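The same chain A turns up in both complexes below, where it pairs with chain B and then with chain C.
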Partner chain A sequence: MIQLHELQFIIPLITICVASVLVLIVEVFSRNREVVFAVTTLSVFVALIITIRDISYSTIILNNFININNVSSGFNIVVLLSVLLSLLESRSYLIKKQINFGEYYAIILFSLIGMMLMVMANDLLIVFLGLEMMSICFYILAGFMRKRIKSNESALKYFLLGAFMTGFLLYGITLIYGVSGTTNLMVLFSNTLLHQEPLFLIGVGLFLIGFLFKIGAFPFHMWVPDVYDGAPTIVSGFMSTAGKIAAVATIFPIILKLNILDYRIIISVVSVLTMMFGNIIALAQTNIKRLLAYSSIASAGYLLVGLAAFNDMALRGILFYTLAYSFMQLGAFIVVGIIEKSSSDNKDFSNISLDSYKGLAKRNPVLATIFTLFLFSLAGIPPFAGFWGKYYLFVAAIKANLIWLSIVAILLSVIGIYYYLKVIVYMWFTDPETDETYIMSPLGTTAIILSIAGTIFFGLFPEIFFELIRFY
Partner chain B sequence: MEWKLELILFVLLSVMAVFSAIMMVTRRSPINSAIFLIINFFASAGIYLLLQAQFIAVIQVLVYMGAIMVLVIFVIMLLNLQDESKLSEQFSYKKLTSLLLSVLLFCLLGFSVFFGFSGKFTSISGEAEKLGTAESLGKELVLAYSVPFEIAGLLLLAAVVGAVVLAKKSFD
Partner chain C sequence: MLEGYIPIFIIIFISAAFAFLNINLSSLLGPNRPNKEKLSTYESGMEPIGTAHDRFSIKYYMVAVSFIVFDIEVVFLYPWAVSFLNFPKPEMIYSFVIGLIFIVVLAVGLIYEYKKGVLKWD
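Our next item is the complex of A and B:
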């Protein structure tokens, strides 16, 4: 039975649930977007603070459906942070694109509920429901610019492929349930006899495929560039950070605790191919959103290096890389969103080719410096946070005796530096072709300042994050 | 193995299900496919009944064969597909690869079901009779599984809001 006092452990989740319904009610009766925005941002902020305060909780509650510990809370903090950052920039971007509807905020909150549930899940049912909740909201958000063909294409593509891959995931869960008779993760972890059943292994494999699709790993990556290119820029940033982090945060502890070493070689190969594909195709991109999409495929590859390592160091690496990633990737997308023009024709995005970044340093040195910082961090150059993320992940692989994997990963991330530098060269060492100016809203500026602060602060003091979530 | 009525029914229904599934995928006309899908749903509803899951069987008939199939056929008619015969004519390596991969997956699953997992099933026929009713299903749903039940409610709310956002003619 569910006890009432158990609810105190999920106050952040309840806050978000209440806020999401409240937003819908406010939207119906007053249509005041300022109130809607304030309620949304405030609820996410409150949930973030409470999650940080309650970091030491460690319990399994609500009929064994929810598992709260410092790792799941740590991932929740990262997810909440990236949602908060994208919300801050959302408002001015939506106004610029004339799509500032209250439903946007409600859907963001619904997807956040899905992500948090997924991360805290102790049952495959909750994993599935959370993942679906997140995915359905993403399909809608990708098509939120309803009058743009590209946005519609992006939503439809994502929806069809996503629904198909959900079939794989569900089939995997069915097989796992068929073999074991339970969907409870704790029981599945402890029953090691089960881990030799071929049907169980196939079930876990299909389950893994569903998640590899969500994090955009090879060979399930084909949707990533098209969807991120067509979706509203701030939504692309949101999907590539919060969504990916939640999926990684769910699948990683499950794979780690199941400890099926047969999967190590498969995950290693997938991670090498993912890094190779993302980094090499990104070299040829001339569209900044597609470039960032391919770089996010490469990042999924780095995270899979950690997944292949199967040890606690890898958990550390994944926690830190997702934190750094949410700051730098989202920061980069926010800058792209600011530079994007508010064109009157409803056909396409404008100002997202690399050419529009020519001579940015001469036109707007502040924006150019900010973007350069994020790109350096994404490339993994010290002392930014992105460097430590990669460092922890590659060390984890070395500790797991996967030295070949970490060497390949390092070589491929060196290739990655080339295309980040290409953008930087465009900004600093070419002459401007236009004399456009860009407007930075106060809230968007706050988001950028927070992202920069995070990128630099956690780059200088990486251990502070682990002390914050009491992960030693 | 004696040929009880149950077994005969099971073989009949499963042959029907597999046959209609294959026909559904291979038909060129979408309406024909939809009709084979109905037969497939009917056969699986029969299998549910054999497994003592009366409630699920009824829901399968009501929701899938009734509501969802009407929707599918409506969509097919609204889209008015005329040149569907062109869609599946040429041979391509893509198709060959996907065919090979599906056959591989099928063999893998079939092999592990028949050889890796035979004889390990435990019979729960006594319990199953009680579990299949609407009453016990409802009890489980609101007592033991209340959390997923609530979450499913939120999920549907999100989906409805999203559908309205995407389909509404004009905002403001």
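Our next item is the complex of A and C:
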């Protein structure tokens, strides 16, 4: 039986739940999208503030189903932050694309419930429940431009592959339960005798595969470029930050606490292949959304480098990288969304090839500067937050004596700089072919300013973040 | 560890062999005189009209989805209602509130469905 006082620990979750139901009611009775947008943004903001206030809570509640601690609260803050940033830009983008339906905001909130639940889960069934809530909302969001073939294609591809990979995840949970007789994570962590059982190892492996699909790691990455290319740009940004961070925040602490060192070599190899694939294929891209998609595959590789380290530094690095990543990746997608135009028949995207970025600096120097900044941060050039994100991850790998892995990772991220610089060269050192102008909405500008502030602030003072979130 | 499963494997093998043998034996030994009526789709004596590779109206899916949701609602509410009176008082209030939240969430879904015109058939 749930004690009433336990509910105070999940006020952010309850806020989002109530808001999501409220949004549906407002949508059907008044059809006023302004109110819907205001309720959504406000609830996410309130949840963010309360999560930051309650960062020091550490407890296991609700029949051992929910585990609240520094790590889960820290990841929840990052997830809420990226949802908030993408919401701010959503409205003007949806109006531009003529898909400003109230359901969009409801679905965003539903997926947010799933993500927060998953991050705080202390039971494999809650993990599964949260993941499915998130994924089903993503399938809908990817196909949100229902009149566009590409959007439909991306939704269908994502749905079929996602449903298939859910099978792996469930098989994993089944095997873990079959061997241990429990789905409670705390019991699984403490029972080290289990960690020698071959069936248990297979179960954890299958479980890991289900999540590697969600974070887009090699060899389960093929959906990433197609889905991010076809989905509405702001949704791509949302999926590649909030969704990926929630998946990372769920699986990485579980794997780190299980501490099965047999997995180290597998994770290292997967991370090298992921970085290699993401960075090298990205070199050949001429479509900016696909380029960012491959760069997000590469980022999954960097995160896996941290996971392979299996030490205390790893979790710090992963948390910092996800924070930096949410600012810079979402910022880049917001800029792409601003530059994107609808084709004349409104059936397909236009202005997403690299050619549309030619001479951007002469046409709109502000936008070009902003985009350059985000790309520098993604490339990992100091003094931006992206540099410190990679730094902490690679240091964790070195501390764990994985020198070869960190050398490979650094070399591959150097390759990555090339394609980011290619976009920058297009913007600054070529002549413009058109004289299009771009409209920045006030809320979108706020989102961009927040992203820039985060990228630069955490680039200059990375340690402040760890002051906020104390570990252990 | 796997010894306990041997009877199950034997059963699986026997049942697979039984099914395989019977299907093949009947097609091997039985007479084979097909005609147009025999080969057509059997649908309780109705005449088939075209193939199933057709686009169905979205209404069918809407009704099917609503049906599943409320079917499952009944499955959950039935044991709740039956065991309700057996609880001591504090747990009774607790389970009442929990059940109420469940019903309210589903009711919001129904209101949404109704206002969006999903339940209109024409």
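The criterion applied here is as follows: the second predicted complex is superposed on the first by the 467 of 472 C-alpha atoms of A that agree within 3 Å, B and C clash if a C-alpha of one lies under 4 Å from a C-alpha of the other, contacts with A are read in each partner's own complex, and residues count from 1 in each chain.
Note that in this section contacts are C-beta pairs under 8 Å (C-beta built on N, C-alpha and C of every residue); 3 or more make two chains touch, one makes a residue touch a chain.
Bear in mind that the values here come from a model prediction, so they are computed numbers and not experimental data.
**Student:** Could you tell me if A:V395 is touching chain B, chain C, both of them or neither one (first, second, both, neither)?
**Tutor:** neither
**Student:** Examine A:L62 and indicate which partner it touches, taking first as chain B and second as chain C; both and neither are also allowed.
**Tutor:** In the superposed model, A:L62 contacts chain B only, not chain C.
**Student:** Which partner chains sit in contact with A:L24 here, chain B, chain C, both or neither? Use first/second/both/neither.
**Tutor:** In the superposition, A:L24 contacts both chain B and chain C.
**Student:** Give the label of whichever partner, chain B or chain C, reaches more residues of chain A.
**Tutor:** Here the partner covering more residues of chain A is B.
**Student:** Between chain B and chain C, whom does A:F110 touch in the aligned arrangement: first, second, both, or neither?
**Tutor:** It touches chain B, and chain C stays clear.
**Student:** Counting contacts the way the document defines them, which residues of chain A are shared by the two interfaces, the one with chain B and the one with chain C?
**Tutor:** On chain A, the overlap between the chain B and chain C contacts is residues 1-2, 21, 24.
**Student:** Which positions of chain A touch chain B when the two form their complex?
**Tutor:** Contact set of chain A toward chain B: 1-2, 17, 20-21, 24, 31, 62-63, 65-66, 101, 103, 106-107, 110-111, 113-114, 117, 123, 125-126, 129-130, 132-133, 136-137, 139-140, 143-144, 146, 155, 179, 197-199, 202.
**Student:** State the interface residues of chain C toward chain A in the complex, per the touch definition above.
**Tutor:** The contact residues of chain C facing chain A are 91, 94, 105, 108-109, 111-112, 115-116.
**Student:** Can you tell me which positions in chain A touch chain C when the two form their complex?
**Tutor:** Residues 1-2, 21, 24-25, 27-29.
**Student:** For the complex, which residues does chain B have touching chain A?
**Tutor:** 108-109, 111-113, 116-117, 143-148, 151-152, 154-155, 157-159, 161-162, 164-166, 171-172
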